[in-house]
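Both of the next two complexes hold chain A, though its partner changes from chain B to chain C.
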Partner chain A sequence: MHEIMAIASSVWRRYLRLGVVYFLVISALIIIAAMNLYGTLTMGEERALMVDMSMFMTTLAGFLAALTVAFDMPREIREGVASTLLVKPLGRTQYLAGKLIGTAAVAIMVAAVVSVGFFVILKLCHGTVPLEVVQSHALILASMIPVTAVALLFASFLGEAVAALLTLLVVWLGFSAGLVAKLPLFYGGVLPDLNLFNVRAEAAYGFAIGWGYVATALAWSVVYAIAIQALAAMIFECRDVK
Partner chain B sequence: MANAIETIHLTKHYRGSFFRLKKTPALKDLSLVIPEGGVFGFLGPNGAGKTTTIRCLMGLVTPTAGEARVLDEPASSTRVKEQIGFLPDTPSFAGHLTANEFLLLCARLFKMGGATARQRVAEVLEEVDMAPHGHSRLDGFSRGMLQRIGIAQAILNRPRLLILDEPLLGLDPHGRDQFKQIIRRQQTAGATIFFCSHILSDVEKMCESVGILDHGELQAAGKLSELLDRNGQTVLVPAACAAVVQELLPLCTASQRHADGDYLFDFDEAGARRVAALTPGFPPGVHVRPHYESLEDFFFRMTGRGKTGESRGEAGGQAV
Partner chain C sequence: MKKNVVLHLAVLVVAVCAAAWLAKDLKKQQDDFCKSRAMLSKTPLAGFHKLLADIKWMQFIQYCGRTEKFDDQTVAEINVMLEELFRLDPDFGKGYETGAMMIYTQDPKNAIALLEKAAKNPMLKTNWRIPYLAGFVHMRQVKGQSQADLEHARLAKVYFEQALGANASQGYVLSSLIRAEAALMPGKPAKLAELMAWQKYYESRRMPMSGMPGMPSVPGGMPGRGVGLPPFSMDSMAFYGPDRDRVINRIVSLAQQCRAELPDNAEVTKVTGEVVGKLLADTHLCPHCYAIYGASDRFCKDCGKPVAVYGVCTKCGELLGGGKFCAHCGQGAAKK
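Take a look at the complex of A and B:
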């Protein structure tokens, strides 16, 4: 565990020192706040629009942060940064677990900062922050875990461009409400069921969500991430590292 | 005494091309035993398989066949890595970290406690002359500075076995001298040093044993004194001794005439035996001395490639 946290804290440090993370958060908050100006255009529905946009921007900011592992890890392997650590008393599975925890923590942190910023804006503009809005944002934070795990899986054996593209494809299919979503074992088993975390309508129009649902979705995201991580570890154990 | 390194029929094929159908052999049946203690130089031309061997030893690459053992344990064992220090050929570190942070990360991986880790990091930074740069980010470092940090992280855990791939690359003369002192200190502390280098003069000075690899195959391995001690002899004949010159000319493997008119003859082992029979009849002034070939000559002979721009008798005189 000591080694895993050492790797995770290194990942954490890396993202905190990236200016683009702060740019992403600030941009997201500006866009969310700007939704309050659309009162006339939306016939008084600017609050619903703001909630909808906040969920989209929180998801986007978090996913972009999670996606960076798909770029970073293959580059680190190619440039020999990973091997410098893997020759230390550090198992490959531990290395991956550290990456997963570090990146997921950063993605959750980025999404959480956007969420909290949104709550402040909502409170200032409309006086209250309803519970279902908080719950919907908690679900978005939970969705960072499976997305990070998928990005890490592809990053463990593919180049950065292919890994990032495949992660985006999986995220897109994960939000699919079409044919893919009707395949019960495949969708939610192999592909992540990201619709579990998508409660925009409930949040925007004030329908109750319930903490039980949030907890179930969180439990699924952790179980799914562990399964994907195990697969990534099996692949990564077999590959040659530069 | 335990073996520091042991490879048993180690073979590695890389799969190239898009469909990974083409196999490129990098190591062929490499069997090598290096006992603990001393400095072992691992030599070979570019693409000989040195780095692949090291990667197999460090568990970064899975051998296609055979086995690599380090300190009498399988190379992939995590436990054995606690006792190894490794410097890669092109040190590449997490550039977002400062030198201090990176070394502390390595110390944490070696399970050092907070205060011990900080103290040890300060010690190694001092040792590689990088203490003033401890709080600078690694992505701003020059090649030589990264090499020093690479050496620092390699000796951080006071390793029992130090594996260094091209450790002198990128170092200025002062840095090279410092590096040699570090190696000596590590050796004195009981570490076994295994290092690859293209700078043969340094290897010759620092190593007791060498191994030469070419095209993935081990060409020679052993103590330098034993490997270089079998190369005939050299006979220096003054210009005045024309009869001796005529006698030796058909027997030598190489000859050259110096600017002062003296002749220098080289003999292989067979030639040396015949010269030994003639030696009692040589007039005074003819000097016969054993020929210790340089590591460089040995290297070229083992790898079957001549030195570019140099032919027999060219250096320092005119071929006879």
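Take a look at the complex of A and C:
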């Protein structure tokens, strides 16, 4: 456990030292705040636009932070940094677990900062922050866990560009449920059903969501991440790391 | 190594099954509170349908703003834009209202279809404006008393009732329902039809009275048979709504006009008598000309005939100003 947390905290510190993370957060908040100026263009629907844009920017910021592992891990393996780390007693499973926890924590933190910034802006501009909006943002934060796990899976055996592209594709498909959504074992068990975290329209219109749903969705994201992590560990065990 | 693989495989299988089970439960819960998901476009937009709908909405507003004339081509383009908008956001109530009002003069059929589609959306069932506007557009199509006009009036009535059921508190919604009800009585004079419509609406919403414990009795009371609308007691404000005085004045005016225009018509006499007796039981009306008279009045201001005096002290005859006793003689203020 100590090794896992050491890897995780190393990932955390490294990413938070990057200036681009803060640039991303500030840009997201500026764009969200600017939506309040669209009152005339939207005929009084600027609040709904602001809510929608906040959910888009929160998802985007968290996703970009989660995607860094798809670039970071293959680079570490290629440059030999990973082989230095992967001497006993640090096993490959602990290495992957540390990467998952660290990257997921960064993604959740970045998304959380954008969310909290949006709540402050919404409170200043429109007086109240409805519970449904908070819950929808909580769901977006929870969705960062399976997204990070998927990125880690592809990074464990593919190069940077391919891993990133495949992660993007799986996440896109995960949100765009179609016919396969009727097969719960496949979609929700094998492929991530990220549409379960999508309550954007309901949050914008103030339809009740329920904390029970949020808790169950968080449980699903953790269980699914464990499944993907197990698969990634199996693949990584078989990989030759110089 | 083998032990590791077996362990990982076991964890994988258990986690996949648990995730599938949780996903199934979540899907069921989501279907419960996201009832309009089936109406959503299947285009893979990574769940950002609502944001794209906002952009489409702004494009729609810009388009309508720069349009100088709403001809057939413009309306056709607007229809296409609205269709795309509601495929992305089927719960956008304001969009349905605005879009329908933009096109209803040129294309009432599509405006009605749009509003009817919105009225069927379970997520919009508390929006009273959508069914009200659907009824409004239907009533605008009523030009005469043909079968098609009666069908429009019938549908308008259904939608106005749906609007009232969605807690529409505006008085004009009730007035619109009465006009639609009146339009369903072809062959009758307009004012009599409207008066009969008020009577019919009142009867449909009256509370079941006779024989029920704790309820005031009503002679000849009948069970309420409203269309999902809450019942009310005889003297409740609920029937009149927030525009109580306006409604009462309107009914009184109708009764007066009917009596004045058709004094010898038996049906008019019967209906006005019933309306005054039931709907206006709490209002003091001259029995001859139905003019409203005030407390302590002994004669009607409009026709000069004697009227039953009310609101005066039974001992000294002075006007009672409210309270339990007469301010002039101290007599208990019994109701007269």
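Quick note on the criterion: the second predicted complex is superposed on the first by the 237 of 242 C-alpha atoms of A that agree within 3 Å, B and C clash if a C-alpha of one lies under 4 Å from a C-alpha of the other, contacts with A are read in each partner's own complex, and residues count from 1 in each chain.
Note that in this section a contact is a pair of C-beta atoms (placed from the backbone, for glycine too) under 8 Å apart; a residue touches a chain by one contact, two chains touch by 3 or more.
These numbers come from a predicted model, not from an experiment.
Student: A:R17 contacts which: chain B (first), chain C (second), both, neither?
Tutor: first
Student: Could you say whether A:D240 touches chain B, chain C, both of them, or neither, answering first, second, both or neither?
Tutor: A:D240: touches chain B, not chain C.
Student: Tell me which partner A:T84 touches in the superposition: chain B (first), chain C (second), both or neither.
Tutor: A:T84 contacts chain B only, not chain C.
Student: Thinking of the overlay built on chain A, is A:L166 touched by chain B (first), by chain C (second), by both, or by neither?
Tutor: In the superposed model, A:L166 contacts neither chain B nor chain C.
Student: Which partner does A:S176 contact after superposing on A: first (chain B), second (chain C), both, neither?
Tutor: second
Student: Contact-wise, after the overlay, does A:F56 reach chain B, chain C, both or neither (first, second, both, neither)?
Tutor: Touch partner of A:F56: chain C, not chain B.
Student: Using the touch definition from the top, say if A:E202 reaches chain B (first), chain C (second), both or neither.
Tutor: A:E202: touches chain C, not chain B.
Student: Does the superposition put A:E45 against chain B (first), chain C (second), both, or neither?
Tutor: second
Student: With both structures superposed, pick whichever of chain B and chain C touches the larger number of chain A residues.
Tutor: The partner that reaches more residues of chain A in the superposed model: C.
Student: Which of the residues in chain A end up touching chain B in this complex?
Tutor: The contact residues of chain A facing chain B are 2-3, 6, 9-10, 13-14, 17-18, 76, 79-81, 83-91, 238, 240-242.
Student: Any idea which chain A residues touch chain C in the complex?
Tutor: 38, 41-45, 48-49, 52-53, 55-56, 93, 171-173, 175-176, 178, 181, 184-185, 187-190, 193-196, 198-202, 204-205, 207-210, 212-213, 216-217, 219-220, 223-224, 226-227, 230-231, 233-234, 237
Student: Under the definition above, what is the set of chain C residues touching chain A in their complex?
Tutor: Chain C residues touching chain A: 1, 4-5, 8-9, 11-12, 15-27, 29-30, 33-34, 42-51, 54, 57-58, 61-62, 89, 91, 94, 98, 123.
Student: Provide the residue numbers of chain B that touch chain A in the complex, in ascending order.
Tutor: 14, 55, 58-62, 78-79, 81-82, 84, 86, 88, 90-94, 96-97, 101, 105-106, 108-111, 153
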